[in-house]
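Quick one: structure below, then a few questions.
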Amino acid sequence: MNSSGFDVFFLTMGAAMVLAMHAGFAFLEVGTVRKKNQVNALVRVITDFGFSTVAYFFIGFSVAYGINFFAPVSELNNIGDASNGYEMVHFFFLLTFAAAIPAIISGGVTERIRFWPNVLASVILVALIYPFYEGLIWAGNFGFQAWLNSTFGAEFHDFAGSVVVHAMGGFLAFGAVFMLGARKGRYTRDGRVNAILPSNIPFLALGSWILCVGWFGFNVMSAGNAEGASGLVAINSLLAMVGGLLAALVAGRNDPGFVHNGALAGLVAICAGSDIVHPVGALSIGIVAGVGFVYGFQLIQTRLKLDDVLGVIPLHGGAGLWGGIAAGIFGSTAMGGAGGVTFMSQLVGSLTGVSIAIAGGLLVYGAIKTTMGLRLSEEDEYMGADLAIHQVSANPEEDMGA
Amino acid sequence: MNSSGFDVFFLTMGAAMVLAMHAGFAFLEVGTVRKKNQVNALVRVITDFGFSTVAYFFIGFSVAYGINFFAPVSELNNIGDASNGYEMVHFFFLLTFAAAIPAIISGGVTERIRFWPNVLASVILVALIYPFYEGLIWAGNFGFQAWLNSTFGAEFHDFAGSVVVHAMGGFLAFGAVFMLGARKGRYTRDGRVNAILPSNIPFLALGSWILCVGWFGFNVMSAGNAEGASGLVAINSLLAMVGGLLAALVAGRNDPGFVHNGALAGLVAICAGSDIVHPVGALSIGIVAGVGFVYGFQLIQTRLKLDDVLGVIPLHGGAGLWGGIAAGIFGSTAMGGAGGVTFMSQLVGSLTGVSIAIAGGLLVYGAIKTTMGLRLSEEDEYMGADLAIHQVSANPEEDMGA
Amino acid sequence: MNSSGFDVFFLTMGAAMVLAMHAGFAFLEVGTVRKKNQVNALVRVITDFGFSTVAYFFIGFSVAYGINFFAPVSELNNIGDASNGYEMVHFFFLLTFAAAIPAIISGGVTERIRFWPNVLASVILVALIYPFYEGLIWAGNFGFQAWLNSTFGAEFHDFAGSVVVHAMGGFLAFGAVFMLGARKGRYTRDGRVNAILPSNIPFLALGSWILCVGWFGFNVMSAGNAEGASGLVAINSLLAMVGGLLAALVAGRNDPGFVHNGALAGLVAICAGSDIVHPVGALSIGIVAGVGFVYGFQLIQTRLKLDDVLGVIPLHGGAGLWGGIAAGIFGSTAMGGAGGVTFMSQLVGSLTGVSIAIAGGLLVYGAIKTTMGLRLSEEDEYMGADLAIHQVSANPEEDMGA
Amino acid sequence: MKKVTAIIKPFKLDDVKDALLEIGITGMTVAEVRGHGRQKGHTELYRGAEYNVDFIPKTELSIVIPSDQVDAAVEAIRTAANTGKIGDGKIFISAIERVVRIRTGEENEEALS
Amino acid sequence: MKKVTAIIKPFKLDDVKDALLEIGITGMTVAEVRGHGRQKGHTELYRGAEYNVDFIPKTELSIVIPSDQVDAAVEAIRTAANTGKIGDGKIFISAIERVVRIRTGEENEEALS
Amino acid sequence: MKKVTAIIKPFKLDDVKDALLEIGITGMTVAEVRGHGRQKGHTELYRGAEYNVDFIPKTELSIVIPSDQVDAAVEAIRTAANTGKIGDGKIFISAIERVVRIRTGEENEEALS
């Protein structure tokens, strides 16, 4: 029996689940922003996904893996050792990761970013910056992994992308949010934070649930083929999610936003080590991520005065970085893990990713800001991105009275 | 190792994903109609699904494939060469396609159709008309495919149903919409169109996302068994979806309804050729479908004066027809495709389907109109289908003040 | 080829689908309660899931199956005969069933239960009471199945948990609802029922759709491994769902709540016998479940004066019990089923489950009521659980005016 | 000047507005209200349980006009809002002492229209 | 005739309505409003950030009645709406010059009730 | 005592509120309304079809105050609500005969503030 068909099936399910996560990103954002920006959140997320696909198909994938699809179908079906067009569904699966980069950033820049400058940034990030680091870590490009291995005794281990995807996205958002500035009315003249209340908790929760469920495709299917599917990855994802949500419940004093984001923080943090840490380690990793998210969110908004609307810097950036490092701690055999990792490789690998992200974000968003401008006019921001950009509100029948 | 279990697994996932698409149809409609018709949209879609199942189980499936399930369980488990009851999950998978017919039409006739006459139409379509054409194309009934093959050098190739499902549904809707007439207030006395604004863009987007994700089950699992799963089908579906959404974004000037429906137009159009066209061909097919939807929608409402509420005639009918023909263009080896198709077979096969659909729709809805009546009373239409048919509104606590 | 990887894949999909069902439970409840209790419904469901995971991981799973995970990863990956960490994903799959217990009860106790006492009850049920009965039936503990076999000629057959999960949850809810008492204003002084209208039908329907789709993971993946996947289980689940929804449509006179819950009643009832009854038997089982739900719901609220908000006692309890018994009727070869069941074993096995649930529910909720109190203060109940417990409403921007 | 406030059935708003425009009254303010009157509380059944609908959705239309237009306005509203069924609504007339247009500061009759 | 307008706490509406019905006043119109007064703006904390609640949800109840019923109506509203806490609301009385029932054209006292 | 009712642009509410607080007027009631006037119906295009926006969202602010504060209040509202563009709104002044504070039973001037 030919196993390629099964692997195509396996990755199709994974890709569909991570594709669904993009709907999750959209609804998490729809629920968190004000009503006048809901439509824009929806359109921006799906548009970013569209342009990301094009960017990764024509450029990004070959930057990372040196594979492209400019050959007749008959050859495409048999790239590599595989048949059944395995490499094409593999592309699809990895694209859904790449496209998560703008989806993550979206939650930070929402309610005030202009439409096309945002698209441009997404394209640059998905075509070049993300695949550069992705290739460094997952394709062994430029000898970085080999160097870590010879220097610190192991490669940098990031099974499903705590750092490659999440910390990358979260810290790219840092540059974007910094360049954009805070929403009008977010800070008083004397520097206190004004709360801007979310529009719709059920949509926020819906987004979180979709992300949670899809995440099992993100993590388990990161094995790449059905034969390698691992029950350990599944249970660890579960326990980290639970650790994150329960910790955020307590630290966030029952706030629904914290609870539902806490689950995601746990999942972000477990990606890197889900195939090597012990389930109790996964629970601990999740707990730290959940508490870290609650305090990180408040710290960033009050101390750093960064108006990161959904808290993507602490959620994806902070928890992702923690996940990369935590794999070096809880993955060791001393902690009941499977071993094969070293703390130093994890630390250096993670910080390298974070540095690239911060530098890349400042650069890309800074350049766009100075050349074409990043931000809606004050009037458009006041009116809301929905009417300003899309000429329609979230509930047209009710709002626009026909 | 016995592969039937895997194929059952494969098709169960496919069927579950396409079942989910029916929720997608429901929410796309809920979001697009006025608030006073939301409940009816929901109940009508799930009810249609229920009656479709009964109709296809007792009649439709044997019309198309000559298989029925009126034997003891022990025999059912081993119909055909398969074990593990493969044919029964195959029925489930194909039913979710058949039931898409009334789900598609629903978006055209909503806000004014009576409940039970609509059920009756759904039953007739799913028991007889759809399976007749389905059998013609997918089961080789009545020698139609053989004739195409000998006349034009290839069978009509419709891998996942651009024509068999979507054009069929979309052009059946033509007859339904025509017989029903426009919603009250849709056209002014001097023939201009009045906009009737959608109630809820987030629900519309939710519906679209569910459809997009489920579509990968629709297309990839159309292989029928796990061994045949094809990465090409997956990547082509992705690229056509993206082509459709980006084209509709631009052509529709950022309108959220066009963007989210554009993705679906791309997916409709790629069904037929997803296993044979090149990914760049798929992107092109999607782009044409997306632009076509935007202009087709406006054309139908302003020129043809058909009040097709969700635009299912251009979306499923137009894009489906285009998909059937496009497979004959982009599927050729000259265009980098896998070959094995001819333009003429695609054209004739597609137009045959469209003709059956138009004739069938006019006949069925016309007959019901003259015998029992199709349309809500003016008063009920004004009050809304929710209160008129279901005695409850979409937000009872708020609307009906307790 | 090693099949463990495929089985891990198989159960991961099953677990993810049943995990999604918890979102379904949440939205079914969000839509049914009043607006002032939506946030609480969301937070309570996800929190219950979190604590259930911890309780089942540390205690419940070993109560039921004698397996725990307190060993290094290298050993965990090979528990039992399996590799790839199969037992860990098996845990995940079974946990999603165990966690359904509080999710089911939640719909009965909503709008008035205190937060932490509810968590405590969930933990006790998932750590001890549910796994006790689960082990009795599914792990052959304490010789109960052996006794049934020798006494009545067959073991108690509950393929996917009509009784083990649903009747257990539904009748545990009986004790909870009884101990809590009715919502303020639910009954007039002279004993008539006041309707308390649902807040949001689209969310209710969304919850139902998510549950319906996820259920195919619940049932089909109950085979435990891909080789055992059965098309009969899939088609039977489909037909029972359809039977339930159509019957509830008619009996409930087009009410959207009844239709969408009727589908679930059919699915609850088919779990037990889905692998042995004939599809037409499944349709009949669903029809009875759908009608039974409509009348059971009204009976319980008007005659028994139990304020079971979502109707979980008739939905999960009533239909679950019926499903357990029905497997003994329609599963017989005389009815075209696969045989291997006896009516008496089904009856005794089901009633044993129901008895344990009623006793357990009264005991646990009674004990918590007398020691720490179960119910919100009158003022908090009036204000709503959202503001009382979570300091935030479902639409903060709109409700809390910033 | 007088204020004419009409409580009408919501679906009659468009007709009433058109009738007022026809006689040259263009300034008006509308609010969603709920009313109780002869057309009063009724009891409905929802899934076997009763509930009371005490207040019925109505639309409140207010126009401030010169005193000599009151009769014409009342007539226009009456004709347009009438369905002949209970619950058609009421018109209340009261005195307005002064009117100011915010934009220009114009007062009274000049500020109307 | 007089118009009696009461700004009350929303959850008191049912009690006030019943109290008015008891003294024979059945016609009333209700609107959702937001109020500011002694019970004024407070600052709350949401996820570590402050926000101001300047206006508090209130219900505005208007009844137009013959002048001689005003005292009874005021008394009924006061008793029913009183919780003794700040923010219980106010009653405003003003003159109504004319009333018309849309359905029948009846005027003034006949048009009330 | 007088009732001063201002129909203003919704986004000006905060400014108007602050202006009133500044001159010592703290009691106020606000409602969401829709208005028609000089700034009237316009036609928009949605997906190739036209629709009419007949009424524009406005905010209605009512304050009941002693007669001698009316001028100050009108001035404060005018200044704060003015954008100079059509649709800025109107201020209507009418008489209030009696005011009662529900909580204490205080009447008239005492009941204000």
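The letters A, B, C, D, E and F name the chains in turn, as written, and every chain counts its residues from 1.
The definition used in the following text is that contacts are C-beta pairs under 8 Å (C-beta built on N, C-alpha and C of every residue); 3 or more make two chains touch, one makes a residue touch a chain.
Note that the structure is predicted; figures quoted are calculated from it, not measured.
The chains touching subunit A as well as subunit F are B, E.
Taking B-D and A-E together, the chain pair joined by more C-beta contacts is A-E. Work out the mean CA point of subunit C and of subunit E, and you get 47 Å between them.
For this pair, subunit A with subunit C, the centres built from the Cα atoms lie 33 Å apart. We define each chain's centre as the mean of its Cα atoms; on that basis subunit B and subunit E are separated by 54 Å. Subunit D and subunit F have Cα centroids separated by 18 Å. Residues of subunit A in contact with at least two other chains: 1, 6, 13, 194-197, 200, 206, 255, 257, 391-392, 396, 400, 402. Among all residues of subunit F, those that touch two or more other chains are 31, 34, 44, 46, 51, 54-55, 94-95.
Applying the touch definition to every pair of chains gives A-B, A-C, A-E, A-F, B-C, B-D, B-F, C-D, C-E, D-E, D-F, E-F.
Against subunit B, in their complex, subunit A makes its touches with residues 1-2, 5-6, 8-9, 11-13, 15-16, 19-20, 22-23, 26-27, 30, 38-39, 42-43, 46-47, 49-51, 53-54, 57, 69-74, 76-77, 84-92, 95, 115, 200, 203, 206, 389-398, 400, 402. Interface residues of subunit A facing subunit F in the complex, by the touch rule stated above, are 382, 391-392, 396, 400-402.
Those residues of subunit D lying in contact with subunit C across their complex are 44-51. For subunit C in complex with subunit D, the touching residues are 192-197, 252, 255, 257-258, 297-298, 301-302. Put simply, subunit C touches subunit B in their complex at residues 1, 3, 6, 10, 13, 17, 34-35, 194-202, 205-206, 209-210, 212-213, 216-217, 220, 223, 225-235, 238-239, 242, 245-246, 249, 253-257, 259-260, 263, 276-280, 283, 333, 336-338.
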